[in-house]
Structure formats: C-alpha cells, structure tokens
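Since the structure comes first, as structure tokens, the remarks are kept for the end.
Naming follows writing order (A, B, C and D), and every chain is counted from residue 1.
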Amino acid sequence: MHSSRNLKAVAAIAAVGALTLAACSGTSASDDPSSEGSAATGDPIVVAALSGLTFFPEAPEAVQAVFDDYNAAGGLDGRPIDYTVYDDKTDPAASATAAQDALSSGAVALVGGSSLLDCAVNHTTWEENGIVSIQGTGVDPYCFATPNIAPTNTGPYFDTFATLYYGSEELGFENICAIMVPDEAAAKAAYEQAIASWSASTGKELSYLDTTLVRGQASYAGNVSSLKSETCDALFVAEVGDAVLALLGEASNQGVDLPVLVLTSAYSDQFAASAAYSSDIYLPAEWAPYGDMTIDGMQDWADSMDAHGVPKTAFSQGGYLAAQYFIDILESIDGDVTRESFTAAAKGMTDPIDSPIAQAPFLFGDADFHQPNNTAYPVVLRAGTNEWESLGPLLIGDEIGWQYSTVPAGT
Amino acid sequence: MSLVLDDVTVRRGIGPVISNVSLEVEPGKITTLVGPNGAGKTSLLEAISGVVQAAGGTITMDGTDLRKLSRRRRSTAGLKHVEQGRMIFPSLTVRENLKLTARTQADFEEALALFPELEKRIDNATVLLSGGEQQMVVLARAFAAKPRYLLLDEMSLGLAPVVFLRLMPIIKQISETGVGVLLVEQFAHMALGVADDAVVVTSGRVSYQGEPQGLLSDEDLLKQAYLG
Amino acid sequence: MDILGSLVVGLSSGGLYAAFGVLLVLMATLTRVINFSQVAVGVFGAYLSLRFIPLDLPTWVIILIAMVTAAAISALLGWIIATWLGESSTTARSAVTVATLLGLISLSFLVFGTRPQANPPLLVGPLFTFGDIAVTKVGVLMLALAVGIAAVSRLLLTKTSLGVRLRAIADRQTAAELLGINVKGLQLFVWAQTGAMSALFISIVGNAQAGSANSMIVLLIPAAAAALVGAFTNVWLAVAGGLLVGALQGVLTGFPSITLLTDWVPLTVIVLFLLWNQRKEVWDVAR
Amino acid sequence: MSLADTTAATSSRQPDAGSPAPRRHGPWWFPWAVALGVTVLATGLAFALPDYWLLIATSVLVAMMSLLGLGIVTGTAGMIALCQLSFAAVGGWVMDLLMTQTALPELLGGAAFVVAMLVGATAASLLGLIVGLPALRLRGVNLAVVTLGVAAALDMTLQKVSFPDQWTNERVQRPFGIPGAEDLSGNRSYFLFVAGVVIIVALGVFYLQRSRWGAGWRMVAFSERGTASTGTSVTSAKLSAFMVSAFIGGIAGSLMVGQITTANYITFQTLNSLGLYVLSMAVGAHLIEMAFFGGILFVLIPEILKQFNIPLEWASIIYAVLGIQALTTKSSMGNDLRRMILAWQRKRGLNSIESTLVSLEPVGAPVPAASDNVLLEVKDLRVEFGAVVALSDVTMQLHEGEILGLIGPNGAGKSTFVDSLTGFLPHHTGSVTLDGVELDSLAPHKIARAGLRRTFQQDRVPSTMTVGAYARFVGGKEVDEDLIDEVLAFFGCPGTQAPLQMVDVGTRRLIEVAANIAAGPKLLLLDEPAAGLSHEEHVAFADRLRAVPERFGVSLLIIEHDLDLVRSVCSNLVVLNFGQVLATGRQEDVLANPEVLKAYMGETEMVS
C-alpha cells in the first residue's frame, strides 16, 4: 500500500516544517538505454505541461510516449527531452502555482497541456515570460484567443458551431433545442458567439435555449420537462460526458427520444458503453475518429500508444499531435535551444505542419490568437449500439462560415 | 459462588469517588447499601456493571473476572443492573419491555406475575404509565432475564413510600428464587428491613459492614451514615 | 405548469431523494448519526460492482455485489463510530461521516477515474404519460421503495423482537446494553442495511443520476434536505420532503428569470418549515 | 501563576486592600512579540525563498486564514460548518466586483484592495449571519446540514453569475501597486502583504478568543444551558461565531483572488470546504498556531505527493484519515500538544492548582437574617411532563438578604423547580416574580440579566478557559475585575491565570459559585453546591456562604441534600415532596417537623 508510506513521509516532512525543503524538481523522463544504442544522453531540453491529471491523464501520457520514442532514437542531436507534467488540480490557485513551477524548471515550451482552466488563469503569465504553449486539449475560451497559446484541438466553441451546422445542414433538423451549462461568463460569451456564428452561416435560430444548467446538478427533471412543451426535432446538449449521460437518462425516463447533438467531450468508449438512449447521438470529432485506422498517421499513433500503454482516445490524439508539432518546431531551430529561441521559432513559423490525424495543418505563427485546427469529423452513436460510427464528411470551419472570436469575455 | 468486590476503587474526573471498597453479595440474599448522597454508591454499582471502569481492585461473579468483560457480556453472564431513575424504554409497551429480556414465554409470564396490576396495561407505551408502574416494569424486566445477581439503584426515587413498600416484598421474593441482590437505597429503614447484610458507605469508603439489625438498632450510626 | 404537473416532475427525482431521506432518518433515529456518507457508500458500491460486468454475470448478481460492498463499507464506518464514539454526541459521531465522505470521493476518483461510469440504469422510460407530463418508472419505483422501506421498517420495529431491541437502543443505549442487548451488533446491522439499500438505489438510477463521484455530494444534499423536513425523526415527513424538494426543483427550472434564486428556494423553504415546526425552545441536554 | 502567588492572593482577608494586582492576561507583550517575530521571519522568507516556494508559502498563509475562521465555529464553538469556502467566495466576489467593475481603484489607488477586501469580508459576515440564523431553533448537527446546503447552493449561484473579473476580462489589481501574478517580483511583495494581513487577523483572533465573545463561544461549545444561565444568549453567541468566522473567511477569499488576480467558482467548491472542515478537526484549528500548521498540511501534503508523482487525490484521503483519527480519539493535534505542555508544567510543579478554601481563616458570620422585602415570589407553580405532574401549586417566598434552603428527598422536584424558575422549562403555569419583575415568559439569558442566576449540579465550567476568562464571562460586561479577584480569593479559588483544565471538579464548582456571585445577581440559586467537596471544605464553604448576602449583596437559594450545610447557613427552609410544598418556615421548626423527617427518610422511626 502506498498510503502508509505516504503518511509517514507526510508526518516526517511536515514535522520539520518543510518550507525549507529543497526547491522542487520534476522527475525526469527516464531514458531507456536498453532500446537502442543511440539513446539521447546529452543536456536535456526541458519541456513542461499543466494538466488536470485527474480528468485528462491521457494527453500528457501520449506526449511522454512520443518523447520517450524520440529520446530513444537519439533525441535532438543527442539531447533528450525532459518532460514534466504539473497537476493543476483543476483549481485556479494550484494552476497559477503550477505555472510558476513550470517556469522555474527552465522549460523551453509547454506541450500537450490539458486543463479546464489553465489558459484563463495563466495566459498572461505565458505572455509575460515569453513562453509558448502547444495545448493538447484546450477548453476555456482563452486557449483560442491569446497570442502565446495554440491548441491542437478545435475546442468546445467550434464544436458547438460544427455540431449545430451538421445538425441543421446535413441532418436537416429545423428545430434544434439547446440545453447548455454556461460555466463562466467568458465561456458563456464564447458559446453565444459560436451559436451566432452558426446562425450567420445557416440563417437558422435555436428553437429553445436553456442556459440555467450548472455543473453537478442533482437532477435534470425540470430541464427535461420544460423542454417537452417546446417544438424540437433535435436536442443540442453542451455538457461533459457524465452530465450528458445523466441528462439523457432523465430524458429517456420522461419519454423524450429526440436525436441528440453533443460536443466532443462525450467522444469516448465509456460514454458509448454507458449511454442507454433510444435515439442517435451525434458529435463532431476534433481529430480523425480514434477508431479509424484507415486514415494516414493513425496507425503510427495507435502503435505508439499501444507500445507505451496509453489508452487510445481523442485526448491521447491531442497529446500525440502536440508532441509531434513540438518536435517539428524544435528541429527547425538554428543554434541554441532556449525558451527565447523556441518561442521565436514557433511565432516565426510560416509553413504549416501537415497532419492527417488533425485533418488540418498546424501553424503557430505570430497572430494575436490561434485556432489552427478548425475541422470536425462527424460521428454518431446509433440507438441501441455502443460503438461510435464515423459519418463524415469532414467539416472545415473556413468553408462553412466559422467566425473566429478574438475577445472571449464580455457581457 | 458469589459476587465479590475486593479493594475496588472508582475514579470520576480527577479524584476517586470510591476508595478500596470490599463487599460480597451472596446468591439468594439481599445486601443493602446505604450512605449519604454523593457517597459514591451509584458509581460503585456502575463499576460492577461496567458503565464506568473501576480504577483498581477486583470484581468477580461466581469466579469470573468481570472487569475483563464488556458491560453486555457482564449482563449476559447474569448480572442485571437496574439504574437509577426508572430506565424504561419510553416508546416500548409493557409487553415489549418484558419481551426484551424474557427468553421464554414462561419467563415472561413469571415476570408479569410479580405485578399482576401490569396486565391490564400490557399494551400501553411505558411512557404513559405512572411512576410506580414504570418502576414495576423495570424490576419485572430485569427479573424476566433470570439474572443471577441484581443491582438495584434507588428504586424509591420519586416514588411515594406506599408504592415503594409494594416493591420491597417483591425484591425479597426475587432474592428468594436464588438471585443475589445488591440494593442501594435512601429509604434506609425499609431497605434494611428486607436486608440480609448491610453496608454503609460514606465519602467513598465502607464505614459499616455487618448485620442490618446492628445498624437499625444504632440510631446514631444510621443517622450518621444517612445524613453524613 | 399546474400543480399536478409539477408534482409529477418532482416525482421523477423526488422519489430518489425521498428514498435516501428515509435511510437518513432511520440512521439518525437508530444509530444517532446524520450519515453524510449515506449516498457515497452506495455510489462506491455500485461503481465497484461495475467491475464485474465483463464476467457476464446476471444483473441481479451485479446489484448484489454492489449491495454487499456498500453494506461492508457502511458497517466498517459504523464499527469505527460504535467502537470509539459509542457514547459521544450525535455531532461528534456525524462528523466522522463527513471525513469518510471526503475520503470516499477521493478514493472513487483514484479507483474509478473521472470518466462517466458505465452504470446503465435498471429502469428507463415513463410508466405512463398524459400530455407533456410523464410519470417515470424510476421515480415511481423509488417512491415505492421509499414508502416500502418506511413501512417495512415501521413493521419491523413494532412487530419483531429485533425491532423492539432496535427501538430500545434508540430510546436508551446504555440501559439496553445493561440488559445484555448487543447494541454494537444491532447498530452495525442498521449500518449494513442502509448501506446496501443505498447501493440498490444507485444501481437502479444508474448514471441517469449518479454518473460520477460528484453525485456523492450532489444527491446527498436534497436527500438530507428531505430528511431535515422530517427533522431526522419522521420517515413519512422525509418522504414528503423528498417529493417537495424534487417538485420545487422541477417547477423552478420552468422560470429561467429567477434562475439565481432557484438553487436557494428548496433550502430556504426547508429551513423556514423547520423553524416553524421546531418553534419550541429545545435545550442541548435534558438537564 | 505559581502556588505562592495563589496563596498570597487568597490568604488575605481583604484582598482589595493592598494586595498586588494579579496578572490577568499573561504578559501583555507576548502576542505582540510573537507577531513581531513572525513579521521578521516572513520578511526573511520573502527574500530567501525561491520563487516557487514563495507561492507555496503564500498558499499556506491563505489556507491558514480559512482555517483560522473555520476554527472559531468548529473548534471554539463546537459546531459542524461545511461552508467555509462559501464565505471566502462571497468575500472574494465582492472584492472582485469592487476592484474590476467600479471606480474604487481609481479613487483609492493602492489602498483600494484593502478597502474592497474589508467590504467583501463584511458581506461574507452577513452571509454568516444568515447561515447562523437557523441556529435560533436548529441545534446540533441539523445546522451542519444547512451549511452543506448553503455551500452547494452558492456553488451553483457562482457558476451562473461568474466572478466579475470574467465579465470584462480584466484582472484584479493587487494592493499598493504590487504587480500581478505573472510577474515574479510581484509574488514576493504579495507574500509580504498576505503575511501582514494574516498577522493582523491572527492578533485579532487572539484577542477575540480572550474576549467576552470568545468566552461565549467556548461556553456554547461546552454547554448551551450553562451559557444561557450566565445571561448570554446562546443564539447571539452562535451567530457571532458564524459572523466572525465568515468575516475571516471573506478576507481569505479576497487574498485567494488577489493571489491569482482572477477567480473561478472551482476554487470554492463544496468538496474543498469539506476538506477544510476535516482538516480543521484534525489539527484543532481554534488554536492559532494549529491553524498555521493546518495551512502547512493543506498545501504541503499535495506538494509532497507531487514530488513523488502520487495522484493528488491521496491528499484528501490523508486529510480524511487524520480527521477520523482525531475525531475518534476526541482530540486534535493542537489539543494533544497543549495537553503535553500542561502535563509537563504540572510535572515541573508550575501548575499545582487546588482550592485553599480550608486554609482560610473563618469569617465567623452568623446565619443571615431575612429582611422584610420579598425578593422572590413564586405562586402556584405547576410543571407537567406528559402525564406526570412534576410540580404542583408550589408557592413560596424568599426575602432579601436571606439564605433560603430548598430541601426534599431525591426526586422531589427540586431540580425541576430550579429549571422552571430559570427559564429552562418554559411550559409551566403559575407566576414567578423577582423584585417585582415578572420572569415567567423570559428566556433563560434574560432571566439571568434580570438578576436571577443559578449554578448547576453538573459541571458547566468549560475546561478550555482560564479561571479569569471564565469568571469575567460569567460576571458580565460591567463586572469589576477587582471584585472577581476578591470573590475568587474569598472562596479560596485558584487565581485568574489558572487553566480550568488543571482544576478539579469540586474546585470548579466553587469557581462557578464565586463567579456567579461576582456577577452581582439579586438572587443566586445554588443547585447542590457542596457535592464533591470534602467535610472540611463543607465547613469552610458554609462559613463563607453565610457572609455572602451581607458582603456581596446577593441573596441565596440553596438546594442541598447535605442537611449539615443547610443547617449551618439557612435561616428558613422550604421542603418539597412529590412536587408539592410539604413544609416551610424557620429552619429549626421545619427540621423538627415530623412530617418532614418522615418524607425525607421514609420512616417515622427516624424522629429522635
């Protein structure tokens, strides 16, 4: 058992008033000398990430997998990448502290982070300290609206746009009713902008919008019952997986069987296995569907994940891509690898990195905001099944009228 | 074969309330314990039944070391403590109170036979009974368990003497079935009247031990013991 | 929405609150504990049982595993409280369950992760509908369970010798112990029973209401509110309280303009009800 | 205070004349010296700590602040409060609003943060008041359920409204121009600012704990009846605990927001409040140094786990285990520590605390005579418990200046009589007037304020206070400190500095009597005051009691079993039997009444 050992450690260290404890040092990625003769052993290149480890462990795990392979193959001219993930506990204070921790570790960049609030809390810190972040999965609106952060994923706001677009244009739903959790003011504004963008593109309006949801609601009975008196032919739900399940459970109980449009956060095997809903559930995958090995690059990703025991999910796709992009930019640097030189290389990028997995080329560049990925691949969970099915075709934001939002906040 | 206390000390808070008390309760006999209020009589009974832990000395019941047993084990071993203040279970009926301890129907009927007046109230919640009836329930309930030793604490508390007088012969009757009774009482004369042995405790120590007649005939001794 | 309609909506989730409310009342009266872990043990047991689904066991075996697990955790908690806090105040005894709630939530994150649990509900769909109003199967079953448990416990408490002993303990614990009643054993029995019932409830509602460890707190609050309506002593008022909380929640979502007040209304109503119901001055100890 | 001091103070017949004033608060400079030391230490740390550990240290201080507030409700006043971070959220929210949505920063410049923080804390204390209001009726653990409901409801409200900085995407300005979180030099200054606030609040808590309010909280935790009987409303004691706790929580919330300069509901989630509560139980957060230690644990345990790459959820599990351990052993780290220190002091002989009552020279006052003025008039008092009539038609009088004895066999209704007189049994019929004032419908604390006080059979003296703090609390706001010293000395009680934890139960009851006399009621009811005293102490106690009406102007009603005591102090007696007045009159007459002896002893033969 870990616990007793931990307790002893805690007791011992706390007892001596451990503020004097040596400054923190992240555990370095262990090199694996047994794999290949040319394993990197030089001066490590320090890379960090902030992540709500409890909620999204796979993204940083996938990054680590890529870096392990890279180091085993010799790293950057013999220099290995030393990768540390800082848990932000999905808590703003912890996130701010973790940001300082990451900075003081001497990281040249942040790669594959996945946190619910890291961008909102720390984007000014990144700007102030001249470091860039290739976010694995960005969630809060600041991930898509600030100069030093470029996520590999599309984010919930484009997702909202894409899933509504697919619903109204491809599936032909005329009366989409929406239930969403607004979270914070900034996120609420971003969702509203996404819906406005959809209206501008398609000329359609939501038939009904319920934004009274909160995280961790005890019951959705009232929300579902209010919905029932509205005219709807599809239901859009903006919530995380477990809440979507609970809401759909309540909907089933009250005899609602509308087709459902959800966001990519529901895109997992667990969700598919747990859903017991009597109509189809559609969502826009942020990358190539994780089960589809026919797409270029997917087999490499799957092999890498399997070799390192990382679950093959959408989140590990994001982490994998972030690491790949990082290495690409890293290798483009002439001269010393430092925070400054990496940031300069990222911001100075002119040629996008092609990625079939992301289905959109990645470009950091010197913009005020970054949303390199604006594609969605529609998938569906058919009623009575428990496996996601790829639908396609690929939706590309620029082609279907997606309007980027630059200022996330403001009501 | 008896309930033997040897050199028992009981502490409450910081100081001892019972110091080095030794006494013996024999089966079929009534030992009456008198003494002024605050002398520690109740604490002594509680130490025997395990409500409090004795700080020193030995307590044995028919050779079994009671101090090693939990209060429930002491009870199931045949020691029943009837606490001060009519510890009825208010929500239980008279029948339920007796059934709580009676293992057989015969035990139940035998206990009820002690107080035939309870029969007409058998299905009433005990909280609705008069004080005297409640005390009868408590005594009958203890008897229904077929105890070997019975500790009775201030049965007379809040009862009219005439009611208490009604209880005395019953206690005698119970002891005659072979039960050893340790009776703590403030109504000294009545209690000593049925006693086989008498013990006086003052300020936590035994100040008299012997024949109840000896105590009854010595008014000064009794008054001293009684009024402190 | 009309009164009947809102009551029906309230039934949908209120049945579950009522059922947990009844458990909380039984715990409070029979073991002198306001059990803040009541929902948590059920959720934990139900989640653990999901691990056995790959073995292709029949559903009832899975539920049985959930119930046994929850009963064991609950009994362990009861044992800790009975052993070290046997004579302590209700407050001190209940405080331990706050700590266990915290521990169970964290443990659940560690053991089961935070993804939605593959916890399919046992019952799905409406029992019958009229117009837009649907009477849900799960709501009716939960209400039936709440009433059933209230009624069965009442029967058990009045008609069986076990029940008489339980009531005796509830009345006067020390006196019961002095009569040789196995106080600790019987209290553990109550703990185990309510734990098992919690797991049963969670298995029935599945992830329709308990999709993540968060539900350990999220469901506890309306259930505790329901029990509070019964002042932690009256099971029937707790059933009514559960339906009241469910109905208020349901009805208030129909008024988006007061969305900020919605979350406060049930709490306020209950506190006001209690202030009225307990208007007699009560002192902390008898004397 | 040493034994020598105690004896010096108590052996004097007239302690007010010339005896040195005993120390009351310990050295006055002690808290200030500690504060100064901590300030120096904090300044040193601010410059010595690496950047990262500086942030950690700031978090420790902020967590400490939350625990300090929580400790007042949970540790001092003994309630379960599960919404401490709700108070923090309200404080932080209001501060955030003022700082980002109003002109306050322009108006006040660098001081705006401090002003906004205080306004926020005041708003939080208003929420504390509202949360505490159910305490009017809901006692014990029911209140915990309400606090949990508040935490959950506020959680949801915060999600809906967001923190104001998010409305306009603006950061909160730190105080006095300290740069924001992104700038490392800013963190250094902000740490110092937080340390300053914590020191000020800790000093405030230190003095509050020693004030009347603090004493009230301790009393409430120990016994609600005991509190009411001192003339302090139980409700206001609880409300003030909640309000102060919420105020400090509100400051903690502002400091949290200032630390990251933006805020989010997640920081203030219910789960985190549960964690804080459990931790406060584990460490004993009512003690200031323990709140600090708790702050260290709250931040450091996750830090250590991080170093070992152990999931942070283990931190909550560790808190839970520590909490259960503390709760099941009915102690906390802080209490264990204090106990160890006291035991060590006792071993060194620094704390030998016992009553010196018997060594006092007898006063030799006669049994006081009653005046003609009727002080207490009881008419047809009747109390029923269900079907049982506990008191029926009790009518009696007590005259000013006398010591009246109320006697009767066990269970005669004496304690019921005292309870109904002092307001603890509001459902009686009949009338009670004290000096012409009707007492029947008054709450216990109002009756105490009207001049009718009581002591209890059971120990109602909380062991968590010093003798002086207790006596000052019982004595009331206007009590004269010299009078307290005088009365304590008069009854041979330990000095005001002695911790009650070190005082035996018998002496505690003497202190209870002395403190109630110092409070200067018109009439004091003593419920079996001599129980637990030795024979010698009885005699000395009786000697002192006889002098009380004359010397302190307090009439006495004594409920006592011990007839020796009654004989030696009472001029008149009232005998109760089966809830009725059996006899009343002069002591000699009553005791000679055969009916009385018969009732008292159950036998007529006893008359001799």
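Things to note:
The rule we apply is simple: contacts are C-beta pairs under 8 Å (C-beta built on N, C-alpha and C of every residue); 3 or more make two chains touch, one makes a residue touch a chain.
None of the values given here were measured: they were computed from a predicted structure.
Contact count check for B-C and A-D (C-beta pairs in contact): higher for A-D.
A separation of 42 Å divides the Cα centre of subunit B from that of subunit C. Once the centre of each chain is set as its mean CA position, subunit A and subunit B turn out to be 75 Å apart.
Here the spacing of subunit A and subunit D, counted between their Cα centres, is 52 Å. Subunit D has its Cα centroid 34 Å from the Cα centroid of subunit C.
Looking at subunit B, no residue sits in touch with two or more other chains. Touching of two or more other chains is recorded for residues 109, 217-218, 221, 259, 263 of subunit C. Shown for subunit A are the residues in touch with two or more other chains, namely 54, 212, 214, 216-217. Of all possible chain pairs, those that touch are A-C, A-D, B-C, B-D, C-D. Within the complex, the subunit A residues that touch subunit D are 2-3, 6-7, 9-10, 13-14, 17-19, 21, 23-24, 27, 53-54, 86-87, 89-97, 100-101, 104, 116-117, 120-121, 124-125, 127-129, 181-186, 188, 212, 214-217, 407-411.
On subunit D, the positions that touch subunit B within their shared complex are 386-388, 409-412, 459, 504-506, 531-532, 534-535, 561-564, 578, 601-603, 605-606, 608. Of all residues in subunit A, only 54-55, 210-212, 214, 216-219, 221-223, 225-226, 228-229, 241-246, 248-250, 252-255, 268, 270-271, 273-274, 276, 278 touch subunit C in the complex they form. On the subunit C side of its complex with subunit D, the touching residues are 34, 36, 80-81, 83-85, 88-92, 94-96, 98-103, 105-107, 109-110, 217-218, 220-221, 224-225, 227-228, 231-232, 259-260, 263-264, 266-267, 270-271, 274-275, 278-285, 287. On the subunit C side of its complex with subunit A, the touching residues are 1, 5, 9-10, 12-13, 16-17, 109, 113-121, 123-126, 129, 132-134, 136-139, 205-212, 214, 217-219, 221-222, 246, 249-254, 256, 259, 262-263.
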